[in-house]
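The data blocks that follow each hold one structure.
You will see two complexes here that share chain A, one where it goes with chain B and one where it goes with chain C.
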Partner chain A sequence: MSKYLFYPGCSLQRTARPYIDSLLAIRELIGLELEEIEDWNCCGATEYVAVHHVAAYALVGRNLALAARQVDGTHTVMAACSACYLNLAKTDSYMRQDAHLAQQVNTALDAGGLQYTPGTVKVRHLLDIIVNDLGIEAVRAKVVRPLKGLRVAPYYGCMIARPDRDNRWDNVEHPLALDRLLKALGAEVIDFPMKTHCCGGHMTQINQASAYELIRRLIHGAAEYHADIMVTLCPMCQLNLDAYQSEMNRYFRTNYHVPIIYFTQLMGLAFGLEAEALGLGKEFVDPRPALSRIGIELPAAEPETVTVVEQPRRKKKDSGLPMPRMPGSKEADE
Partner chain B sequence: MTEQQNLPAYQAASLPPFIPGSFLKEVMDATPGDSRLQMCIQCGTCGGSCPSAADMDHTPRQIFAMIRADMREAVLRSNTPWYCVSCYYCTVRCPQEVHITDVMYTLKRMAIREKLYDDSTAPDFSQTFIGYIENFGRSFEFGLATRHNLRHRPLQLPSMVPFGLGMLTKGRMDLTPQRIENIEQLQAILNRAIELEAT
Partner chain C sequence: MTQHNGHTGQERIGVYVCHCGSNIAGTIDVEAVALWAAEHLNHHGVVVARDYKFMCSSLGQELIEKDIKELGLTRVVVAACSPHLHEQTFRIACQRAGLNPYLCELVSIREQASWVHTDKKAATEKAKALITGGVERVAWHEPLEPLRVPIHPATLVVGGGIAGIQAALEIADAGFPVYLVEREPSIGGHMAQFDKTFPTMDCAACILTPRMVSVGTHPNITLLTWSEVTDVQGYVGNFTVTIRKKARYIKEDLCTGCGICQEKCPKKVIDEVFEAGLGYRKAVYTPFPQAVPKYPVIDRENCTYFQKGTCRACEKLCPTEAIDFEQTDELLTVEVGNIILATGFDILDARRIGQYGYGRLANVFTSLEFERLSNAAGPTNGQIVLRDGVTQPQTVGIIHCAGSRDRNFNNYCSAICCMQSLKFAHLVRERTGATVYNFYIDIRTTAKAYDEFYQRVLEDGAILIRGRVAEVTDAARLPGEEGKLIIQVEDTLAGKQRRIPVDMVVLSVGLEPRHDAKEVAHRFGISCSADGWIIEKHPKLDPVATMTEGVFVAGCAQGPKDIPSTVAQGAAAAARVLARIQQKEIALEPVRASVDESRCSGCRICNGLCPFNAIIFHEDRMVTEINPALCQGCGTCVAACPAGAISGTVFSNEQVLAQIEGLLLDVARRAPATEPVPV
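Moving on to the complex of A and B:
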């Protein structure tokens, strides 16, 4: 068993509950021992640093200082969320480089009776630890139900591979760690050209047209390669691509259906674990058809509690110029 | 500059001189580490790599030229930093290794401090988000989404009901925020940090 200090982050407590559930379910099988950082706080995502400078680094500094107090046999802090990973790594790296910032952060931490010496802990992402510490072979050895015939798009998102100031990854634009891991599970991994493109981040809350276009590019890319399913390792990416996929389809009048699940869920399935223990079934885009293709049957969906009645579009009565219609579209036939 | 002394002579000699009190110097000083912003060669790799460039008033390259030209207000009023999605493509592709994403964060902070923005959606989102952190120590999606959308997109709220109910019934969202145990400690740290920013 290899032991790591664990920073779960806010998303894993709620929107990405299936991520942590599946991680905890596979943890023993892959020999991962986790010790949660006590009373950790939010990393600030991409928002705190847009408002405050010293406070944004002090916010993360508190987590690093708390982690440093728990250092016992391991110096490695593991985060599963990309934004948490980047914020922790970036704060430690900037505190190492910028003595003035390090001093300001420590002056702030002092107000709470804490101190942090930059470099005390090493910050790493879950995928990095699984692939580079525990090893692909250890994963392969646990596979009892190979995902043969399942075409998977490996989606890394932006913030784990970039900016990568500590050189943790093989490539900042086309990393291969997740590809190799998924191949070890027996899956057919597509050479996904959009693997580190942006999912839209917080844009769904700020400018939807802009967010939907970024979501469309990724979903379209995966569909072009006939991927059955897309695998992600970030709560924000999963939320944007899954929960907003139908909105995106409505916006562009498309009909994509690409289920988005966490790589830990797919690992659990290949290890023969039950879908329920892996948090499967909480997606907006149903992964059942894709998984049943390779003989993995998930329990039936709960009855839909919300039915949305689509209101027919009201026709304008003005005698303006006719709008262009796509051939074969509904309105053109009327 | 101390960085200039650490560089090989041929590079140090080619560094553009800082004009004291220039906007360029101000932006660089407000960015952690060495942002290398004065090294920009106006190649445009940043804008070409940016997934949001089409929505921006100015591409990152243009913004950097404007910073050098001391066009303070035009830079801070630009929507460019608010469309940055923090994907870091520009940062890793920049041949001069300018920390572009971090410079965008600096511009956001300056624009918020001076209230120089035409569309308040993104600045308000950031401020609502951090308000929950300051009160609870954790983010709170349900509160954030409801509050932000009530303020900025009230007419679209009905269309978001299926999303919200879906999140709640799937157990992916809570109606109440979680609070960390030692919130007083966090608040003391953040208050001290914000005092330091003011000096």
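Moving on to the complex of A and C:
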């Protein structure tokens, strides 16, 4: 068992429940031991850094500081969401390079009695850990239901391979880690040319025409290669490509149908787990036809399966921080 | 005050301070330095100190010679430029005046003082310190005699590309024996794979094959193809080289080169070397029709008989019974005086540039593949077609600098890709009339008639787009892109992103050192730069020599270069070797380390450290000895010896410590009086 500190992030608590459910379901099988960072907060996603740099880094810095307190046996923080991963890795890296920023962040953290020395933790993405630490052979060894005959488009998104701060990826422009992993599951992996192109990110909220075009390119690329299904490793990519696929089809008067699921879900299926236990069946674009190709039958869609069950609100601990207020910053005062 | 020292305590030292025009005098008050030396260093043996405008001029040298004779100088210190430049000049001047040349010491007050400082006062003080160090050191110098070793007249040339061919022919034509060793079954190297050569567009084979034939038939050349050097012992003038001659399974004395074996061999394999993976050969093969020597080789890995135990078709059908499956590798030992390394280059593995799709997208080709594609003797008989083997491309995109000038791959410029890419553009325009796009960062057409060729290619109608290509993809997005390869590029002259659909992409991949360059360099006792290219002795003034005496380098093994420069280096290396051979013996610098056997404990710490394999360990006496002819005087062993048993002539402990004391003399004098030295 390899132990890692786990930063789940907000998406995995809500829209990406299937991601965390499937991850937790396969965790033991691949020998992954996770210890959740206590009292973590939002990473700021892609928006906050556009509002105020220092505040955004302080927000992430708090998570790093909390993780640093839990360093015991492992100092690696794992994030499954690409945006969370990028923000954590970026903040640590920027704090290492820029002593002034590190000091500003620590001034903010000080208000909550926290400190973070850049470099204390190593931030890594789930895919990186599975492929490079646990190893593809360990995954292959657990496969009991090879995904034979399923054509999969491996979609990495734009946030994990670039920039490659610690030389973790085989090729930053055209990574192959996920391709190799999916092949080990027995799937037929297409040479997906758009594998690191952008999914539109939050453009769906700002400029829908741009977002639809970016979504169309990806879906079209996968359809061109006759992919049955596309796998992602990022909640935002999954949301954009799945939830907005029909909108995009309406906008362009097209009729694409490419189901989008998480790679951990496919791993679970290959490991012989039940589809429901992996959170399958909650997608907007129905994966049933694709999954039936490998003999997986899901119950017919019922309205209940898509209703969001209200989760109890997480209680804040007393040691929690107030929102960062930066010295000399006007925006923070507003 | 330090006493005038050295072995005898009675040396008479002359100090000569050079102005070097304004190079030194512009920053250092040379006259004051000379006056100061005469006055303050007389306790250290200085009997005369002079300054002069150009010490290296005849008049300057005569000044020194006159003083040696008239004042009876026993040591000379010249404070001027780096010893790399004029050490020999002043040593010879001393010798003319009857003083042993090794009793002269050069102090660099130009490279180490005037050129690197702007504060005149401080630079002047530094010059004084440097000169004091030189004076203290030279007193400990001893008269030395250069080592003389005979030069064996034979030469080993490693690599049978155009560089090795040129070098071998020059030496052989001068009447001296050459062993030319080539790893592949034929000589010819990369040039034999090319179709045309820029900028004149001569057919590569037409200009190369006559040279290859000359090599094959030359009475002074022993050609050893399908062979590799496995071991090198000895030193300049006297190398003993072991060569593995791999089994060809062909009796060379019987084979007529008729080619029936190749024709009848049932086993077809992809030719990864000569055809760059784009064509086929048989398991018994000569790489190309004009191969020298004409004898084929049997590729054991792919031969049906060797793998499965049956077949022997070639043996049955050979009209002269030249096939011999029983042959084994032979080890040859040859004696040579000099070695020329002309081991060439590899091309960068284009698969590493993931975003350009080589290896995934069928119609992305490397430059070497394109050479074979356009070569009339190549797999398509010179038809420029797509990977399907029939379709002519309507549009071709040629990407310059693929993997060069790119910190993700190689930082350096591969020197030939601009011209090579323009050549491809010309060939495509001429043979297919297809639309050609060249994507470049800068156009570097710097040699004779190169820029004229560039203009000609522009007139041919090639479209040049300045910008580094972001991606080659088959993901169509816009009308007209379906079924094409799309080149996504920022056109930096137009200032916009462009998507250019093409049928064929050619990657002008960079040149890289041979995959085993470091290993080979180690075998020959030389070193490679961080990039992996063999390091020359001096990048400008000694480009074909290496730091190891008697080992020379020519062609792309030293760095990327075009054919004219490669040939020039081959000839230059040959000229250097011939000069050596003509001298019959060579004087080696007596800068050598030696072991005091009485102090050597036999710990062998030094044994593995010597970069020149000069250290011999005598098991019987448990002591180490240093071969003076191999030793280059680097000092590694001297520093490493825990017993202090190794010392170097010209860098003995006494000399170095005296020099340090001299350098710090002024500090020692001043320190207690002016400021307390913090502990």
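Here is the rule we use: the second predicted complex is superposed on the first by the 302 of 334 C-alpha atoms of A that agree within 3 Å, B and C clash if a C-alpha of one lies under 4 Å from a C-alpha of the other, contacts with A are read in each partner's own complex, and residues count from 1 in each chain.
Methods note: a residue touches a chain if its C-beta (ideal position, glycine included) is under 8 Å from a C-beta of that chain, and two chains touch if they have at least 3 such contacts.
These figures come from a predicted structure and were not determined experimentally.
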item: Chain B versus chain C as contact partner of A:Gly268, first or second or both or neither; value: neither
item: Chain B versus chain C as contact partner of A:Met194, first or second or both or neither; value: second
item: Comparing the two partners chain B and chain C, which touches a greater set of residues in chain A; value: B
item: Which of chain B and chain C A:Glu173 touches, first, second, both or neither; value: both
item: Chain B versus chain C as contact partner of A:Gly221, first or second or both or neither; value: second
item: Contact residues common to both interfaces of chain A (with chain B and with chain C); value: 172-173, 217
item: Touching residues on chain B, where the partner in the complex is chain A; value: 30, 32-34, 51-52, 55, 82-83, 85-89, 91-92, 99, 101, 105-106, 108-109, 112, 121-123, 125-127, 129-130, 133, 137-139, 141, 145, 148-149, 161-163, 165-167, 169-174, 178, 180-182, 185-186, 188-194, 196-197
item: Chain A residues touching chain C - in the complex, by the definition given at the top; value: 171-176, 191, 193-194, 217, 220-221, 224
item: Residues of chain A touching chain B in the complex; value: 10-11, 13-18, 39-42, 44-55, 57-59, 61-62, 94, 97-98, 101, 104-105, 107-114, 158-159, 162-164, 172-173, 197-198, 200-203, 205-207, 210, 214, 217, 243-244, 247, 282-284, 302, 305-306, 308
item: Residue ranges of chain C in contact with chain A within the complex; value: 352-355, 357, 360, 408, 471, 473-477
